[in-house]
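Letters A, B, C, D and E mark the chains in the order given here, with residues in each chain numbered from 1 onward.
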Amino acid sequence: MKQEQPLLDVRHLKTYFHTENGTVPSVEGVSFQINKGEVVAIVGESGCGKSVTSYSIMGLVKSPGKIEAGEVLLDGTDLTTLSKRQMRKLRGNDMSMIFQEPLTSLNPLFTVGFQISEVIVLHQDVTKKEARQKTIEMIEKVGIPNAEKIYSNFPHQLSGGMRQRIMIAIALACNPKLLIADEPTTALDVSIQAQILDLMKKLRKELETSILIITHDLGVVAEMVDRVVVMYAGKVVEEGTVYELFRDPKHPYTKGLLESTPKIHERKDELYSIKGTVPTPANMPKGCSFSPRCAFAGDKCREQQPELVQVNSGQKVSCWLHEEGEVSLHEQKQTAAT
Amino acid sequence: MKNVKRNLKWMKVTAPFLGAFVLAACGGDQEDTEATEGAGDGEAPEVEEDDGTLVIGTGTDMVTFDIHDHNATNTEAIHVNMFNYLVKRDDDEGFEGDLAKSFENVDDETWHFTLHEGVEFHNGDELTAEDVKFTLERVIEDETLVEHSNYNQIKEVNVLGDYEFELVTDGPDPALLNRVSRIGSGILPADYIEEEGWDHFLSNPVGTGPFEFSEWNRDDSVVLERFDNYFEGEVTEWEEVVFRVIPETSTRVNELLTGGVHIAENVPPAEWDRVNDNDGTSIVTGASNRVMLLMLNQDDEYATSDKRVRQAIDYAIDNAALTDQLLGGHGTPVQTRITPGNTGAHPDLFESYNHDPEKAKELLEEAGYGDGVEITFNSPQGRYMMDTEVAELVRGMLSQVGITANLEFLEWSNFAEMHTNGTNEEMYFLGLGNSMFDAGLGLDDFSSGGSDRTGYENEELDELLSQAAVNMDEDEREEQYQKAQEIVAEDLPSVFLYQADAMAGVSDSVNFEIALDETLYVRNIERN
Amino acid sequence: MSVNISAQTEAPREEEFEVSKRPNQLRRWAKLLLRSKTGTIGMLIVLSVCFTAVFAPFLAPYEPDAMNAANINVPPMWLDGGSSAHVLGTDSLGRDMLSRLIYGSQVSLIIGVFSVIVAGIIGLAMGILAGYYGKWIDNLVMRVVDSFLAVPNILLILVILGIFGSNMLTLILVLGVTNWVIYARLVRSEVLSLKERDFIRAAKSIGTKDSTIMLKHILPNVFSSFIVISTLSVATTIILEASLSFLGLGIQPPSISWGYMLSSGRDYLATSWWLATFPGLAITFTVLGIIFLGDWLRDVLDPRSQGRK
Amino acid sequence: MSRNRQPLLEIKGLKKHFDISSGWFSREQKSVKAVDGIDLKVYPGETLGIVGESGCGKSTTGNTILRLLEATEGQILFEGEDLAKLSNKQMREKRKDIQMIFQDPFSSLNPRMKVFDLIAEPLRSHKAASGRELKKQVYELMETVGISKSFAERFPHEFSGGQRQRIGIARALALKPKLIVCDEPVSALDVSIQSQILNLLDRLQKEFNLTYIFIAHGLPAIKHISDRVAVMYLGKVVELADRDQLFEKPMHPYTEGLLSSVPIPDPENRNNRERIILKGDLPSPANPPSGCRFHTRCPYADEKCRTEEPAFSEERDGHHVMCHYPLKAGRGVLVGNS
Amino acid sequence: MKRYLIRRILQVIPVLLIISFIVFSLVFLAGNPVALMLPEDASQEQVEALTESLGLNEPFYVQYGMFLGNAVQGDFGQSYRYNQDAMSIVLERLPQTLELAAVSMLFATIIAVPLGIWSASKQNSFVDVFATGASVLGKAMPNFWLGIMLILLFSVNLSLFPVSGRGSFMHIVLPAITLGTAIAAEMTRLIRSNMLEVMQQDYVRTAQSKGQKDSVVTYRHAFKNCLIPVVTIMALQTSSLIGGALVTEVVFAWPGMGQLLVQAVNARDMAIVQACVFVIAIAVIAMNLVADIVYRLIDPRIKYD
């Protein structure tokens, strides 16, 4: 890997929710890095802990959730040790975030102009006039024509795509080092989704921002990112560059995800499907959490939790199948079948 | 540690509640001591002693300034300060002139009056016989007025001169003087009303009394100011008098305790200790001519048509227990409606009552109700002093002799409707005053031509009453009425319970005595 | 491009689901209840009040209207002049306060509960009809609701009781008839949002009759918020009954309600404070208990607050 | 498929307008033209996919077929009988033959009913079975969709999304319908579950000889399951063709843009794929553009497109398109990606 | 906006019609009031004559029609008790009741807004527990009881405020607290739960992700959003506020409509009752309309027509 220090280094992050029904380990020891200028995706199905990971990084985990252990290093500073005030200085400035629902993420009672300039005024020493000027620039930058007019519009007057552009404008207004995008296109129509992805690509080049995308859509991953972190039930099960991961997934779950996605450029009479459902925190299986759904699971899988290990230069996987070096799933299947 | 913390938190929740309960529970105890201390400083916060304003707290508002169109005692209580009658009752059942300088009975049907000269209305007009004619003719002629029936015995008003006139009655009317010294007898300014109209008068009333109208805020206050040209000269030290409406009893008493009012009317016995224990206030009681009674229906379908049952009720009730226990001794057991101070009162039937539960049971047995009898018992609630309690206690006393009284409280308008329309069943509880101070009005109910509430008929009584009504011989008339009362006490169309005392809380800074007719003559209220 | 795992493509006919273990319903509720302190307290209070009301004849030491003229305004036993014969003292007619308090719970609860039932039935029916059918029915019902909302209910109650007199039955009916609108409003808006839920459309698409949809699909689903509102409404009704007693239009003796005791005892606040304080405490505690219970029910039953966890 | 047979369902000139200015006293009548004159035929045994972005009227069409919404105009002929003319009672009868599967498995099942009652409801409503027969049929249905009958007494909230959708499918199957309208049945599900449901639908179609109208916004799922596909845009069907035709040689520029917008889970080719990104937002259906509705976003639009509405004409065998200048060369996604 | 207002005002008409129908039916059922208007010993002819002159022997719908016709002109008949136009008596008292209601509302707002926000932002803290407890207690106390207790404590024992009546500012303090307590309790609960809900909203998270201070997030972003449902529900409380005023006025001898009405009901002075109900209804409706407009001013999402 590269020698230089990663921009973001998440180490053994654990975030638990202490609910009335007991403690729910939402993120259970997650580690990954994002280098400067890199786009990394966290992929997983609903409830796998990917969103909570992103909130943990931003320090926005709400009660009853709490970061129990681990470090989140941004440029070498451990965010988990910062005071609320120090954290506030970073948020919106060094790192910022966009969310899945652009409608609910914008305050319905304020003009979009105000909502963008708010972050500028907060982190930059500018006059009101300058802030306004900068806001209008940002609105133009995210590809909205008529910026002057849009400035005084309220969110409900804009379309879904425009709103997400505004959210991006808010997030990028202070030129952050890290942008976390939590399912940024899930709520949008396909044609708009393509526009937003395009915009993000363009801005990323322009501003050299590192991006962490949280998504369940493998298509989006394939379009945008450099490296992928696959999460399942609160843990990272596989990590690798986007090319390696799509070409040769090492973990049966990753494999299943890829296979079960219907694709418009392929024809298949029957889709591959992963049996069963994601376990709830209340009945998390012993051993590998994927073992009940895994076609290759052996006794060991049901007993013991595998570690995340480096299997080649770009890929890490947490699976007993790869315990003793590289085994292709293809071969392994035969063993499992017998 | 965690548990302790939790407990602490829990205490925090309960603390405010507990506080409130303690406040609620201790309110009473602290009351006496602290209120006493507060008032002990001598100065009450609200009423400033020297500004010449008298404040009187009443329970209900007056209803109108149309003196002919109401029969409410509390309204008249205010009117008496603004209007003058022709004559007024003096202390010993006689009459003295008020606006009338002199009066005499010319013959059985004619009365001659001479007015004081130079009596001035509040608007400056001078009082003449024309005003008297105007005033009385209005109530005599207009059948829709409430007081019409008490005045239509007067046939004509003849003006003989500026200050002289005569009243001619329809047949002999021994009670004429009683008639013109009560509600509706105030003399109104004829010119003023004819010029300005009634509506104007009603909102800007003008009379001859010692106080003139200042303002009336409905259900809040009536303010009167001293009339400096009063014909008897200055008779009062009060420059202003305010009648404040405070319906809630405890609030009225609290106002008295804090000096907000000088006089709080109708203070129930429950509050007496508070008023008396407070430094600077005390309870004043005085007899009224209101008699509390149980009206019994003698229609055939009711058990109360049997005289023995009625007597049983009378014997079952311990009148003294009612007055002693509930009214703190401030009431007098009676066996008649006509109390001392009224023409024709019967001394033997005052301060006396029948109480003998055993006899009551015997009477019931005789009447065939040995196994008990069930009757309906209606009562108003919140209308008379301690009415609810009295009714409940009566019910309890009746049940001890085997009479099951199904007590139903009626809200006042429903009660009044029942009373007015005579739709009552066996028994109902009622208090009746006597604004005429004459036995005639009080006993009229029991004549066959009277109301049908009791269904009572007695020829001898009818005879006595009709003779007395036109008997100009005072002594003979009195005897007739006393005889009539004896008959009523025997037949019991009503069971009379007690004469109620009026009770007021009074600040020591004023000298106030309760009048028999429950009016509030401000000129009789003096500063101490 | 990658390996095809043909062995796995067969969809399983019958699957092993990890459906969470089904706890005993009663125990689940008990667990939920015990978790909330206010809920537990509320439940305890409400249960004990209900117990008192039901077993009043066994609990009360005296008949509630047994008078003793010789023993009036006796203070509670722990004060000077009190006696253990009358634990909470006696009232102005010498009746035992404790017994009256115990019997008073009956009337207060009956009025509270039954008037809410009356109001609830009217409100549920109107709300469901208006919400489900919409159009002119909705318009008509909502205008009637608006009308009732524009007139303070105590005012309407006052007028009606003033005209018809006040006994337990009229009181229950009047309170019910004037309070139905809050249910109608609530139920209607719930139905409107339920109508947007797919399962109503699903039931229609299956060919279920309107009446069945209203009874089987809508009613059970509005019921939980209905219960929450009803619970709180019992509390407000008890308070309202006390206010009516204050205005002289509440329950009439010889029936006893706490409201009546409180309002008739108010004249004695400064001298015989126990006459008003005990019924006052009884009302406050009961209402407190009901509100606690209602809040807990809201937390447990309201799907919105469930989602919030 | 078998185009020569009688269509099972024929939609002629269907319109559904929603009035938006409600209230008694407003004079102006504005309306959203959700469905604005569409013609479709559905043949027995086939799956007709209807695809389009939000607000295109695809779900409204589905709801109108079952008369969950009353059509403003047009005919819906089911086996030659106009559904719109049936009385409510007759329509209820008819619903035995036409059933629906809903998008949101969380809201489409009454939370207060047990699984057994949910599945039994259609049978009870139509008095199709009772007593032991009812029990037997319900258990059979549960088995068919893959739910153990031991769960019959459970409530919906005890199940995961995929399992609930199976319950919904069992309900739809209960009356042995001829046609099932599937309104976005997999959009709300996780990828790994989506494929389970799609496979199940596939299997059931074969087993019970069902006809599907499959409504979705996800092109991959549509592609997987449909025989023919209709593309809707602002209340109109703009293209209708056999699945392979449509995906390989789309003739409408909108279809082309839509296909091109779909992110493809294949990172290798992401940089050499030529994407046509549709510009701008979807216009409001309350105020659709003049002429060709797509002209505001069409890269090829000219004056004619702005003024004149194109006809819905058959350009090739069974390939209908509503465009003045249908694309001849068809840039399908399958092309150049073998 | 203008069209919206006109529409809203037109919508009031059916509401008033329904109210008039209900009220008139009640009065009709109350029976013939003539007996109360005439002296005790009025003759049957007198009763009949008055009945006829008042049109009381007409069938229900004719009477209702006459009533409506007069009501439209603001004529609700004569108060038999006061012998005066009922509406003018009621209107005399209206300002006092409104004054009390307004000050109570103000008091409630001053208490409830900070308490509600505070307890929501510090969930489960002492303040929260206190606020929750106090608001439950505030609802659990009958209003007349609270009033009497306040008088005993603050007027009689501490001599801080006058016992009753209307006059200086000091006079309104205790009645306003009495009347405002229940409203404050309700409002606190409402604001608290709304704030809790709003604090869960995505845009609050957005504001936090901008690095905004908690206080700014709470007051600028959350509270304004929380206000919308609060305003609407508080407007609905106007009705119970005036209802509560009826009782409070009696306790404090406050010269408003409450006292008038209670007396009128007791004396079955139906003209006053009718006029009162209408005046109150119109006041409540007007308040709701105002709230609606305020609501529209706060929330840009609502269009005016």
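Points worth noting:
Operating definition for what follows: contacts are C-beta pairs under 8 Å (C-beta built on N, C-alpha and C of every residue); 3 or more make two chains touch, one makes a residue touch a chain.
As the structure is a prediction and not an experimental result, all values here were calculated from the model.
Least step count on the touch graph, subunit B to subunit D: 2. Of all chains, the one whose mean C-alpha position sits at the greatest distance from that of subunit A is B.
Between the CA-based centres of subunit B and subunit E the separation comes to 36 Å, rounded to the whole angstrom.
Centre to centre, using the average C-alpha position, subunit A and subunit C are separated by 48 Å. The distance from the centre of subunit D to the centre of subunit E, each centre being the mean of the chain's C-alpha atoms, comes to 52 Å.
Under the contact definition stated at the top, the residues of subunit B that touch 2 or more other chains are 13, 17, 20, 24, 27, 31, 250, 411, 413.
In subunit C, the residues that touch at least two other chains are 1, 11-12, 15-17, 20, 162, 248-249, 266, 269-270, 280, 284, 288. Among the residues of subunit E, those touching two or more other chains are numbered 11, 137, 141, 148, 152, 200, 250, 262, 265-266, 268. Of all residues in subunit E, those touching subunit A in their complex are 123, 200-203, 205-214, 221, 224-225, 298-301.
The part of subunit E that touches subunit C in the complex is made up of residues 11, 14-16, 18-19, 22-23, 26, 29-30, 136-137, 139-145, 148, 152, 196-197, 200, 236, 239-240, 242-244, 246-247, 250, 261-262, 265-266, 268, 273, 276-277, 280-282, 284-285, 288. Subunit B makes touch with subunit E in their complex at residues 9, 12-17, 20, 23-24, 27, 30-31, 34-35, 38, 45-46, 60-61, 63-64, 66, 69, 71, 143-149, 202, 217-221, 244-248, 250-252, 254-255, 257-258, 260, 411-413, 416-417, 420-421. The part of subunit C that touches subunit D in the complex is made up of residues 1, 11-17, 19-20, 22, 139, 197-199, 201-209, 212, 216-217, 220-221, 223, 303. Contact residues of subunit E toward subunit B in the complex are 31, 35-36, 38-42, 46, 50, 81-84, 89, 92-93, 126, 129-130, 132-134, 137, 141, 148-149, 151-153, 155-157, 159, 162-166, 250-253, 255, 259-260, 262-263, 265-268.
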